[in-house]
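Some structures are shown below for you to check.
Paired with chain B in one complex and with chain C in the other, chain A is shared by the two complexes that follow.
Right, the complex of A and B next:
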């Protein structure tokens, strides 16, 4: 009987914590369908904010487009760089691999504010200043560790038996690499790349410091809007983003990605 | 391999080294990257007035408070997800926790602001219950910063605690009960030690970003909500004194590493004293 009370209490606590997490998001979703300009109740059901969002001239939509293409570029670069690095690290002697791993995970451990400032200073020093190149390099630096982590994780899960079998059966090293090793790593590469994409898409801090003057990526655009208060077309965009995020999370989950991967 | 080593050297280690070097320059870099003069004035200035020390102390305090609230909220919830809810729903609940984890930080802040603002959900609710004036609001104050930070970083704590608690074997708990240990004793001796690695990584994931936050105090902190991150940020966005800003970041990084070192040592000691493994 005592056990049941305890379990019931934990159950209620868990539900309350999840309510705390999701009520604000639900409120945004509901408000995105509220035609009233100041978000007051009762809800006047309408799609007008979605229409306004996609009506060509919206700054939010432009910023979203920029962020999407920029993040794809960063994620693909991170994918190539991270995968090659992880494969290289796998061949290092254990002690060096650990050392190298701590260097590559620095961008995850150091607060982004400090990281962004350090990068801005060095870009100023070499005369690059705030630029697309700088923003690209900075964002790539903070997301590559995620790809490395995920790909190394795949190495950890699988053993060398398949490679050995292929070698015994007479496959050449190049063929073994492409047909066996790379194949084995694909889920790790995909989830690392998706994660890089999401982190880059949302990385306010780095873009706030490194974006060229006057260029507004989505996080910067949202920042400007949030400062000015209630903005109904942002509710619409936020709703779309939450739906998109949920979809990506579901894809990641299908690829065998678990909470452990993120926490490392 | 080599290109990636060069990449990390140039974009991770070198900038940090430069940050340390730049904390000894006077004022700003010239537009051509020239340095006006080398000086230790930045550090003298930092410690001669109380502004930095006060803000640093306040930020660490806020960070610790946020971390503590996250642990209190997340521990039972993570246990619930890992052990009490049906295995079928477990996956969905973990995925639900990942969604805010992947959602833009600014959208989360904005969502919380809508709830907290005057006439928002919370104030209307409190107003209807007769507990507060619904036109008032706790936005633009330090408590608002704490609430927003807890809201942003709670998923990190839930996920890292979950990944440890998931590995607590039910048999161990039964064994502990069979051997006569009570609920509390079982928790201290069986569950807590296994969850220590998750707790530690959760603390790191919550504490470091909340101590260094500058967006949240700027948006919801109001006039007295400033934190050390805001001070560092202002050196680059409004005051434009990069040398001083670098010096602040450098000292901030050292203090942060010290705090993490202390927490790591304390947790390890606590872990050993109750017979934990890792």
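Right, the complex of A and C next:
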């Protein structure tokens, strides 16, 4: 008897938590189809915001495009830097590796706001100021730790003799890296890169302080619109993003990449 | 003519001297086990032969060639590991063919050799299976096939059966030994399981603290232990302390309330303190007390399947006898049994300081 009540309570609680998490997103999706300009009820079903989003010289779309390409650039850079660093760290003696790990984790620990302001001060000091390069460097710096952490995690315990086995079979170090080590690391590289992309895409703080004046990535564009007055085509954009990411995850899942495979 | 020669190998990790001064040699086609407790240096020695560790000093010679400073990739060794070390992203066939691929063999030759290897380890037709979906025993067979297909000069096994459960383990012991003899490949096998070493080897090196404790074939290792450590590591031995005495030309060991006649042993004079090792199965239980019997107070019995162990005391020392299971009903706690043991079965050594 008691067990059933407990199970029921847990189930209700789970539903409440899911509602809490997803209600804001659901509201946005519903509102994106609401033709009513001020977002009031009753809902007047319409696609007009989607039309508006894609017609004419939409600042929102321009900003989205910039954010996408910028984030991809940052993610790829972080992927290369982070993977190479993690492989190097693996070769270090344990004590030094831990020290190095603490240092490379700093960008995750120090608040982004503090880092953004500090970077702006440095860039001003060296004459770089607000710039694309500055924004790129700042964003890369804050996401590289994620790649390092995820790749390092894939190295597993010291008992793994697969590299040794390859050596006894005659493989030289470079060969071993590509045949054996890389495969072990791929899930970590993918998840680290994805995480870098997502964090960079959403990274308001760094972009607010480091972006050149007039350059608007999506977070900055939304921020400006919120202050100056926005139209519901933003809801349409948000809905498209939610649908796109959900579809990608579903496709990957069908192809056999479950969270277990990627995260490892 | 020694095929493998190891001379004066020394190795330390920091302040820990793992190998003190190791030298031994092995004939071509022989199966040698390196046996010993954890930390005795056996795996390190194996890795030095493989090239995965470099010795501080000393040499390793294989088939007349000094390979001490040769990289692992250039030595032609086949190696098996405790956790199989298969490549998870490759199929069974690709795993086995890896060494051949490195050696740039033609596709036809690779296919032919892989098929031969699969048949050898009784995994015909499983070439396209994923290694991650196989059982431990099957994975170890793939590892064996992978090591042998490159026709190595020597086969090195690092506790390959320790991760398997008992029944599979015993099957694999038999299989590996069979295949090894079939192919005639020189083999060095590291294990901490003395029964495994006794079953599979032509020769055993018992190691302790980085030194060789004893080098013998299984029969001599068991029946003629060279030290107290040997006698207790291989099988189980009861160790009794006493003094070696001589009376009327024959020798015996005298304890507090017992004495056993023993053979003469060079290097140990009468009236020295000694430790005597006697195996539980060598005691003879006599019908009643007689000339030369020693009383044994039975405390309890332990049933282990085919044999039964009788725990008790000779004098104040704990002793364990081993009898066949069929006689178990005859023994009850508190009984006094009367034992004798042939002098040939008593191995005694000067008492260690």
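Note that in this section the second predicted complex is superposed on the first by the 236 of 264 C-alpha atoms of A that agree within 3 Å, B and C clash if a C-alpha of one lies under 4 Å from a C-alpha of the other, contacts with A are read in each partner's own complex, and residues count from 1 in each chain.
As a working rule, contacts are C-beta pairs under 8 Å (C-beta built on N, C-alpha and C of every residue); 3 or more make two chains touch, one makes a residue touch a chain.
These numbers come from a predicted model, not from an experiment.
Novice: I'd like to know which partner A:14 touches here: chain B for first, chain C for second, both or neither.
Specialist: Only chain B is touched by A:14; chain C is not.
Novice: Using the touch definition from the top, say if A:175 reaches chain B (first), chain C (second), both or neither.
Specialist: second
Novice: Counting only touches as set out at the top, which of chain B and chain C does A:248 meet: first, second, both, neither?
Specialist: first
Novice: Looking only at contacts as defined up top, I'd like to know whether chain B or chain C touches more of chain A.
Specialist: The partner making contact with more of chain A's residues is B.
Novice: Counting only touches as set out at the top, which of chain B and chain C does A:224 meet: first, second, both, neither?
Specialist: After superposing on A, A:224 lies clear of both chain B and chain C.
Novice: Using the superposition on chain A described above, determine whether A:166 touches chain B (first), chain C (second), both, or neither.
Specialist: Only chain C; A:166 stays clear of chain B.
Novice: I'd like to know which partner A:36 touches here: chain B for first, chain C for second, both or neither.
Specialist: neither
Novice: Note which residues of chain C are touching chain A in the complex, please.
Specialist: These residues of chain C touch chain A: 50-52, 72-79, 81-83, 85-89, 98-99, 102-103, 143, 146-147, 150, 156.
Novice: Sort out for me which residues of chain A touch chain B in the complex.
Specialist: So the residues of chain A touching chain B come out as 2, 6-7, 9-11, 13-14, 17-18, 20-25, 27-28, 31, 39-40, 81, 84-85, 88-89, 100, 103-104, 106-107, 109-115, 117-122, 124-127, 137-138, 140-141, 144, 198, 201-202, 204-205, 209, 218-219, 222-223, 226-227, 230, 234, 238, 241-242, 245-246, 248-250, 252-253, 258-260, 262-264.
Novice: Which bits of chain B are touching chain A when the two form their complex?
Specialist: Touch residues, chain B against chain A: 1, 3-5, 7-8, 11-16, 18-19, 22, 29, 32-33, 73-74, 76-77, 79-81, 84-85, 91, 93-115, 117, 119, 121, 151, 154-155, 158-160, 162-163, 183, 198, 201-202, 204-205, 208-209, 211-212, 214-215, 219, 229, 232-233, 236, 242, 245-246, 249, 252-253, 256.
Novice: Spell out the residues on chain A that touch chain C in their complex, using ranges where they run on.
Specialist: It is residues 159-162, 164-172, 175, 179-180, 183 of chain A that touch chain C.
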